[in-house]
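Each of the two complexes below includes subunit A, the first together with subunit B, the second together with subunit C.
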Partner chain A sequence: MLKLFALTQNEIVKLWLKKRFYVIILILLIIIPIFTYAEHKLAQTNAEHFPDWRNRILQQIADIENTLASDRIPEEWKRGRRIAVQQLQYYLDHDINPSEPSGVQFTREFLGNSVTLFIPMLVLAIGSDIVSGERTGGTIKMLLTRPVKRWKVLLSKLLALALYVSLTIAATVILCYLISGFVFGYGGWSAPVLAGFKIEGSSVDSASVYAVPQWRFLLMQAGLSWYSAMTVAALGLMTSVLLRSTAASMVSMMAAVIAGSILSSMSSAWTTAKYLFSVNLNLSGYLVGTPPPIEGMTLPFSACVLAVWGAAAIGVAFRVFTKGDILN
Partner chain B sequence: MSEMTNRKIGIALAAGSLLATAFMIAGLCFVAIDMAAPAAAEQKPEETGNAADAGSLVPYREAEEIRLLALGDSLTKGTGDATGQGYVRRVADGLSKRYNKPVKLLGNLAINGMTAQELAERLERDEGYQYAVKGANLIVFSIGGNDLFLSAYASLNGRELNEAAIDELAGDLDEALERFKRVVERLNALNPNASVVYMGLYNPFFELEELRGASAKLQDWNRAAYSELFRHPQMLMVPTFDLFEFRVLDYLSSDHFHPNEAGYERIAERMLDSL
Partner chain C sequence: MNEPVLAVRQLCKHIKGRSIVDHVSFEIGEGEIVGFLGPNGAGKTTTIRMLVDLIKPTSGKVVICGHHVAKEPEKALRYVGCIVENPEMYSFMSGWQNLEHFAQMLDHADEARIREVTEIVQLEDRIHDKVKTYSLGMRQRLGIAQALLGRPKLLILDEPTNGLDPKGIKELRSFIRQLASDGLSLLISSHLLSEVQMLCDRVIIIDQGKVIASGKIDELIKQAAGHVHWVLGSRDAGVKLLSSDNRIKVLAGTESADDACGPIVTAMREELIPETVRRLVEHGIPVHAVHRAETTLEEMFLAMTERDTIA
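Presenting the complex of A and B:
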């Protein structure tokens, strides 16, 4: 047990010394101000044309309804928009501004939008060479000739990776808040957010809708993002064990993630696609009532799919790592 | 880097990341709690009914700024106008020049294909609509075209145009008028201080000899609509039917139903003349 702790700590330090985390912070420091600026511009135009947010929402609803009236729009797209109309209407009826600009609100939006692509990319940037890197560097022999069981070596790597996933998401949240708060103000913790929209076909069941303070919502969202990021990390670990080249494992994982996000946006008629892990990454979307990419998907369903994929990946990784021959 | 600093980094990182993980798991626990026991009663958002009344007691002429709201169907939406301005933005621009004060377009809530029935329902039920109407001091609207034409237009497709079709065209006149009356009464009840301008209907089929008779039916509508509007002194009807009789080709867009830019320009001029 003590050995495992020491090993994990060693892996953490090794990852730190690779300076990958610095790169992640740097990427965040560049990207967040860009989006903050974009959001600020948007808020400015909104404030100019619609000093009262209620009129803005009303106009938004009218605009969506105009696209609904058009026969040119495919029926599948209309479904999502009908849902959006009902949700906006619900916000309006309850006098809650769905996007009162604040640091917390921006963080929430950013996290929600980055969970399917951006965060998996960051996770893979840290984790995809965690085993294959030792092979290319030749250090794997040194690692495995020590009097430590192989499964402990891999477990320590998995734990270190998991901790870095937490750090990555925490860093995203904290930097988002600090940077965007500079523009939008550091408030908004207690602003109400509506969660629990149940979607059936193209209508919204608002019976189970409830209001949560934004801080709680953000925490829930971070937890769900962490959950999907952990699945990606487990799969990244597996490809890193299976494939020798770091580039190959990184590229194959990114391809899988990107394919998933394309499939989701196509709202495909291919319903078995819902068993793919990358279609299920947007867990926090269920909270706000984003229509799921494929009908019939729910939060527990997606959580189960991700858990199965993660567990299978870890199983394969351990099996191959402990039983396979390690050659350079 | 020495062994010591590495150790320190390791401990700091482990502690920090464990703390972060604890937060993430706490978040997941919240999700689990909410899913297990959905919507505790005290968390239910209340129906507030948009109590805030923007209050517009001052008529648009005297007010510091003109708050314009547009309601209705595709004619108000500006369908057929390639510039996307419709008559609404043209009226807004014209008013700000004439009165030399800001004109705030609260919104153009017109929806293609809207019928008087739908508009009346929204004004009665939709609190967002009511809020917008209460906040405006000038309201422009067009409605009725879809009630009169839509069913007929659909059934006319691929059929001989004849006198019977004209009767059909205005078959629901009485029902449609009843709904129009509801719209007018609702607007008056919600905001009796705002000036209201109704755009009268025109006959887009005037050039078709078989459908010229529809013009007379439309005048029946316009006359009946006026007799609802004139009861309320703040309401005004702007006729448009004459614009489109001789110059259908100049003022109608390629769908032969909605006005084009020039047509909307004329309508806007008409409205500006009387505002």
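Presenting the complex of A and C:
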């Protein structure tokens, strides 16, 4: 037990000294101001055209309904838009501005948008060489000839990875709030957000909709993002064990993640795709009631799919790592 | 004799149907320095990796201080310090951080021990610099420091003199002797045979996965056919007579008139010399000089392994 703690400490120190986390902070420090600026510009234009946010929502609804009248729009797309109209209407009826610009609101949007691609990328930047790097560096021979069981070595790596994934999510939230708050103000914690839209076919069941203060919503969203990110981390650990080269493990994982996000945006008729892990990463989408990429997907379903993928990846990683010969 | 520090019994490894290591057995006692020799691809590295649980044997076993390596590696490896191939450490960390890292993986290696091994390998001045700024020799020494951290009973060094300058090699040699006199057993693999001859009490020679010779170096050399140089009055008649004996192999002296005055070099056992001299004299060939050339480990090694590669 004590040994496992010491081993995890080792892995944390190594990841820290590799300066991976600095890189992640640096990326966030570059990306977030860019999006803040874009959001600021958008808010400015909106404010010019629609001094009252209600008018903007009405205009949005009218725009969507126009496209719904067109025959050229595929039926699948129309379904999503019908849902959006009903949600906007609901916000309007309850006199809640769905996008009152504030630091918290921006953070919420940024997190929601980054969970399918950006955060997995950061996670892989930390974790994809966690085992393969030891192989290419040759240090695995030192590591595995010490009087420690191999599963403990890998578990310590997994724990260190979990810590850094958590730190990455936390850093994203904190930096987002601090940077965007500078422009939009640091308020918005208690602004209400509607959650719990139930989508059935192309209609929204608003019976179970409830308003939560934005801070709680953000917390729920961060938790779900952490869950997705941990699944990606587990898969990254597996590819890092299976593939000798760090580049190969990084590229294959990124390919899987990108393929998933393309598949979800295709709103595909291929329903078995819903069992792929990367289609299920956007867990917080269920909270705000965005229609799922493939019909029949729900929050518990996606959480289960991710759990199965994550557990299988960890199983394979441990199996191969503890049994495999170190030949190079 | 006590229980051997390292006992290897009938060790085999097959990779993809090919036999890499084939029934290798040997033992190392306390305080012994044993050389592990073999040409490239002989199965040396595979064997060493099986000793330290990097590769699981197909059959056979490795026992270190009474613990079965494949079954309870965390107990057996407590007694082993090793450098497998290059001394690869984390280059983005300082030497000290590397030692701290590996000390964490052991039970009784505290800061005082880290300082101690740093002094043993004389790396005090640079220990806080990043490993990527180290020379190969310094990395080698850091590797040895790491291997010594846990006060092992067996030290396995793979090509330890690689990348060391002559001064470094000399220092390493006296250092290894010092360690052995303190009761540490060493298994040293090297391709520098003169190095092994100077350092080791005993050698194990493997080729194509099999142990082809093992024992004390001087005994092995005595058994091997030595080179005997003959300077005879009648060269051609001498060569003819010498080659008529199938226990004697004429290696040089037959070819040309260029070195007509040079000696005839033969490979033969030294017990045959008196008898051969008598026969030469009986045939009226004057013997001017007979010289027994000292066989080096290198010559013996080449003779042993070359035969096998041709076959």
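As a convention for this text, the second predicted complex is superposed on the first by the 328 of 328 C-alpha atoms of A that agree within 3 Å, B and C clash if a C-alpha of one lies under 4 Å from a C-alpha of the other, contacts with A are read in each partner's own complex, and residues count from 1 in each chain.
Keep this in mind: a residue touches a chain if its C-beta (ideal position, glycine included) is under 8 Å from a C-beta of that chain, and two chains touch if they have at least 3 such contacts.
In this text the structure is predicted, and so the values were computed from the model without any measurement.
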Side-by-side fit of subunit B and subunit C on subunit A, or clash: fit
A:325 touches, of subunit B and subunit C: first, second, both or neither? second
Partner chain(s) touched by A:137 [first = subunit B, second = subunit C, both, neither]: second
First, second, both or neither for A:9, with subunit B first and subunit C second: both
First (subunit B), second (subunit C), both or neither touched by A:18: second
Residues of subunit A touched, compared between subunit B and subunit C (which is higher): B
Which of subunit B and subunit C A:147 touches, first, second, both or neither: second
From subunit A, separation angle of subunit B and subunit C (C-alpha centres, steps of 10 degrees): 160
Partner chain in contact with A:270 - subunit B first, subunit C second, else both or neither: neither
Minimum Cα separation, subunit C to subunit B, after superposition on A (Å): 6
Overlap of subunit C and subunit B interfaces on subunit A (superposed complexes): 9-10, 13, 17
List of subunit C residues in touch with subunit A within their complex: 15, 49, 52-56, 73-78, 80, 82, 84-86, 88-93, 97, 101-102, 104-107, 146, 150
Of all residues in subunit A, those that touch subunit C in their complex: 3, 6-7, 9-10, 13-14, 17-19, 137-139, 141-149, 323, 325-327
Parts of subunit B lying in touch with subunit A, wherever the complex brings them together: 1, 6-7, 9-11, 13-14, 16-18, 20-21, 23-31, 34-35, 38-40, 43-52, 54, 77, 104-113, 126-129, 131-132, 135
Sites on subunit A touched by subunit B in the complex: 8-10, 12-13, 16-17, 49-52, 54-59, 61-62, 65-66, 69-70, 89, 92-96, 162-164, 166-167, 169-170, 192, 194-196, 208-212, 216, 219-224, 226-227, 287, 299-300
